[in-house]
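Working notes, structure below.
Read from first to last, the chains carry the letters A, B and C; within each, the first residue is number 1.
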Amino acid sequence: MRYLPLTPDDRTKMLAKIGAASIDDLFVDVPAEARLNGPIADLPAHASELAVERHMAALARQNRAAGDGPFFLGAGAYRHHVPASVDHLIQRGEFLTAYTPYQPEIAQGTLQMLFEFQTQVARLFGMDVANASMYDGSTACWEAVVMARRITKRNKALFSNGVHPHYRSVARTMAHYTGDVVVDSDPELNAASDWAELAASVDKDTSCVVVQYPDILGRIDDMTALSAACAQNGALLIAVVTEPVALGLIKSPGEMGADIVVGEGQSLGVGLQFGGPYVGLFACRQKYVRQMPGRLCGETVDANGKRGFVLTLSTREQHIRREKATSNICTNAGLCALAFSIHMTLLGEAGLRQLAAINHGRAKKAAAALAAVPNVTVLNSGYFNEFTIILPTDARSLVHRMAERGVLAGVSMGRLYPDNDALANGLVVAVTETVTEDDIAAFAKALTEELA
Amino acid sequence: MSTLNPAGWRPEMTSGEAGAGGVPATFTGNRALMLEEPLIFEIGTRETTGVDFDEVAEDFDLGPLTRSAPIGLAGLSESETVRHYTRLSRQNYAIDLGLFPLGSCTMKHNPRLNEKVARMAGFGDVHPLQPQETVQGALAVIHELADWLVKLTGMASVAMSPKAGAHGELCGILCIKAALEARGEDRRVLLVPESAHGTNPATAAFAGFTVEGIPATSEGRVDSDALIARLGPDVAGVMITNPNTCGLFERDMKKISDAVHAAGGYVYCDGANFNAIVGRVRPGDLGVDAMHINLHKTFSTPHGGGGPGSGPVVLSAALAPYAPLPVVKPVDGKLRLVEEENAADHQPDSFGRMTAFHGQMGMFTRALTYILSHGSDGLRQVAEDAVLNANYVLRSLDDVLEAPFGASGPCMHEALFSDRGLADGFSTNDIAKGLIDEGYHPMTVYFPLVVHGAMLVEPTETESLDVLDQFIGALRSLAIRAKQGDEALKTAPHFAPRARLDETLAARKPVLSWQGE
Amino acid sequence: MARYFTEEHEWLDVDGDTVTVGITDFAQGQLGDIVFVELPAVGLDLTQGGDAAVVESVKAASDIYAPVDGTVSEANDALDADPALANSDPEGEGWFFRMSLGDASQLGGLMDAAAYKNFCDNL
């Protein structure tokens, strides 16, 4: 077996040193009835690298890759071009095969990278501090709700109907078991958000209001009035950002008064990967930092006075606080955070703004092309790189027919809201810099033919 | 950053380091291959970018929502970027560099075939919400890995979506809550041994349970009599780590499981230490109802400097119906994701959704590649070699370091020592920092909490006998130095990129982001 | 004014019906460098033995319990800016909070300085 260096001779010598007659002697504490006496039947034996690669490649070929043709899916996961150097750098063994930086003297690479990542995320979101990342956007969103409960000592969370339905679903699942109250509903096919109604319904029992920006239909709106309504009632405003590239063009939630901003960082550096691993972003105002979940990296000095970095404020965390911890989270998404950070460094502020503008420009072209298809209307008045179109037919089945024509046309509202017939004709279309003019033309042509 | 040196400054000698005459300081602060690296914000600018675009974008005005104020992000050219991160990487220890004996973390070799496979376009460049007929290969990976995990553990099914070990714990505990709810019972107490990893009580509390501790016996195992005596109608179940955090197999596991079941509770097993028993013991045969598997431990998906992890949870027949969405099932000859829309037909009692999509697909491809490479026979050999290596370390050091449970029988894949017997004022931390100077990552220190100054050494099956012998030699020397009170240990490490860092300062005056413009 | 001590290594000064609470020099020595003290909100009602504050070092967090029943009237904000006060002057400037004395009879179960010294010597 190519990964195991011990030889039979080594094993014999080692058993002698230990004073055991055979390897079985080392498993004597396992009750006899639970011991397996040989390899598990019905499972294959070891295989060569060539054989395994052949098997896995055959499975990979059964998938249509996003890059194989016109591709317009978003709804919480976005296809962006990732510079080649990102993947090269994250595969350096010193990053790839390092552990959590518990021994800071020999983990400054990871720690400095996390400090830079935290700074990038905080600035992108318009917040004071960000943590070293969470599992993904949906779990970060629930953690923000729990954090708001701890701060306000209230347990009612109002969710905008524009929050990703899977994020709402995670929150509802958790709330059922924690005793929190989640007030939420499905969106309606309107150009306007529900934030004005939300502002009117915040009350003194509300711990937080959760909005998504841009939202699941691609809509963007100003949250200033909503944040004022939250502040008046002692509730926190939580903003969820599933497409961080947008913040190169539109105002950050922090600039509009959000208290906690969480997000999905997959867009930058990470890739689609069929849903994971992704990277949860989590940022907040300075005054709430001790109620934050997750790892935090901070600056300090070493015994010789040199600047260095350590994990800090650890008393919030499970390994010290145990059942009183702010969260049970133990890992972060270190390597994905690294990919995010490298991609952001390559872009820089100028590059991010340029990328965002290109995305918006492509989306506008796509929206115009699709609006020109007979019986198709664009719902949104404002959007970034994603918008919703209303079809004259059920979008879900249309998506399958479009796929047969080689076009992955978007995410149907029927996939996202299977029980809501009122939304069945909605199709959420994402357009990034990876979409070409030819792709847009192919989409419009295929759609025209399908609807003819 | 200006680094011109118009005055012609020359470094002075500094004293107290290598050689009686000291070593010269350097102008740059670098020491040959040990390179200092500023923050990106100190070397980059807001105008610089390392990405060329294929068009110049229009200047859009989105009215009041336009982001007009500076964001404060620094950019670097690609060449600078590559150099920045390459330099940073060299300040890290890693399993690729050498033995990484971090107990309970299973730092084993990460095969590069796994990386290659995960990057195949058919896996890496696939959207989670694509029409399912376009992702049959991806669903097949999940299904095939699930089949291995179920068979290796002897359980009824597996929930694949949890994103990491602690998320898996939460999944298992919510399955227990859902099962109790289905029975109409409101049991609020979870029993957790005092030696448990911190995530166990934190998870129980996060899910709304009350945690009660169970003591350990003097031989380092759960006090099964105390545990069984505490069972009753208010107890939802137990969370037990097996092999446990003291590195021992819980001999009474089956007896405990039977008692918990008889009292109407469920058994959660923390599978962090599955590497010791994979292919040799199936947790299902021990009465376990739920156990998470850290794919980043036992099945070698890379730790990545702190994640991403992946924590599928195997479930007994009693808990399987409550598994979270989505699950992958064959329906009419095709693989289907069971989500909200079709849960009523295929997983009606599911407790709901734990994450936006389907789990850590990028980890599934790597773990399946690893499993197929080893096969059933190779995985069994993994456990045997891991346990053999740990026992070899234990018996090669127990004359110089106290092994508190050395008389409790063979260890599993971890050897546990305490700091008893070191000179006054010397502790585990000094040995750990001394190991850094010897070129190793330290073992897990001060965990488990039930052992004074714990040192938990997990060599894994990755290490050869030569590597083990050298490590043992280094640790023996450090143990003897700490017993003799060698003051040089108190200021170790001396040869790392940084000396000991001031954690008190970091916590008293937190600086969590760069404060410049 | 009288000073009392608890077995949880807290001291309390009783001045009429106002009680000032902090941790003892022995306690700060055991805790090591204190990096943060989470203080109770003014107006919070405390019950003897219940959680009142949390004192944190780098690698530990310890609960501070209310020594008597009462309502919090003041928290020592100086600890926010300089938690090291709890190390350098624990029984003076490093006090934690003030509270009302809800039930004077509870003082009877506490130790005086001599008894506390004896208690520590026997740990």
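In the analysis below, a residue touches a chain if its C-beta (ideal position, glycine included) is under 8 Å from a C-beta of that chain, and two chains touch if they have at least 3 such contacts.
Small disclaimer: the values here were computed from a predicted structure and weren't measured.
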item: Most remote chain, CA-based centroid, reference being chain C; value: A
item: Chain ID, smallest distance between chain and overall C-alpha centroids; value: B
item: Where chain A and chain C are represented by their mean Cα positions, the distance between them in whole Å; value: 44
item: Centroid spacing, where centroids are CA-atom means, of chain B and chain C in whole angstrom; value: 38
item: Chain A and chain B, separation of their C-alpha mean positions in angstrom; value: 20
item: Interface hub residues of chain B, defined as touching at least two other chains; value: 503, 507
item: Contacts with two or more other chains, residues of chain A listed in rising order; value: 314-315, 320-321, 324
item: Set of chain C residues in contact with two or more other chains; value: 36, 56, 58-59
item: List of chain C residues in touch with chain B within their complex; value: 33, 35-36, 56, 58-59, 83-84
item: Complex interface listing, chain B residues touching chain C; value: 446, 503-504, 507-508
item: Of all residues in chain A, those that touch chain C in their complex; value: 290, 314-315, 320-321, 324
item: Chain C to chain A touching residues, read off their complex; value: 36, 38, 56-61
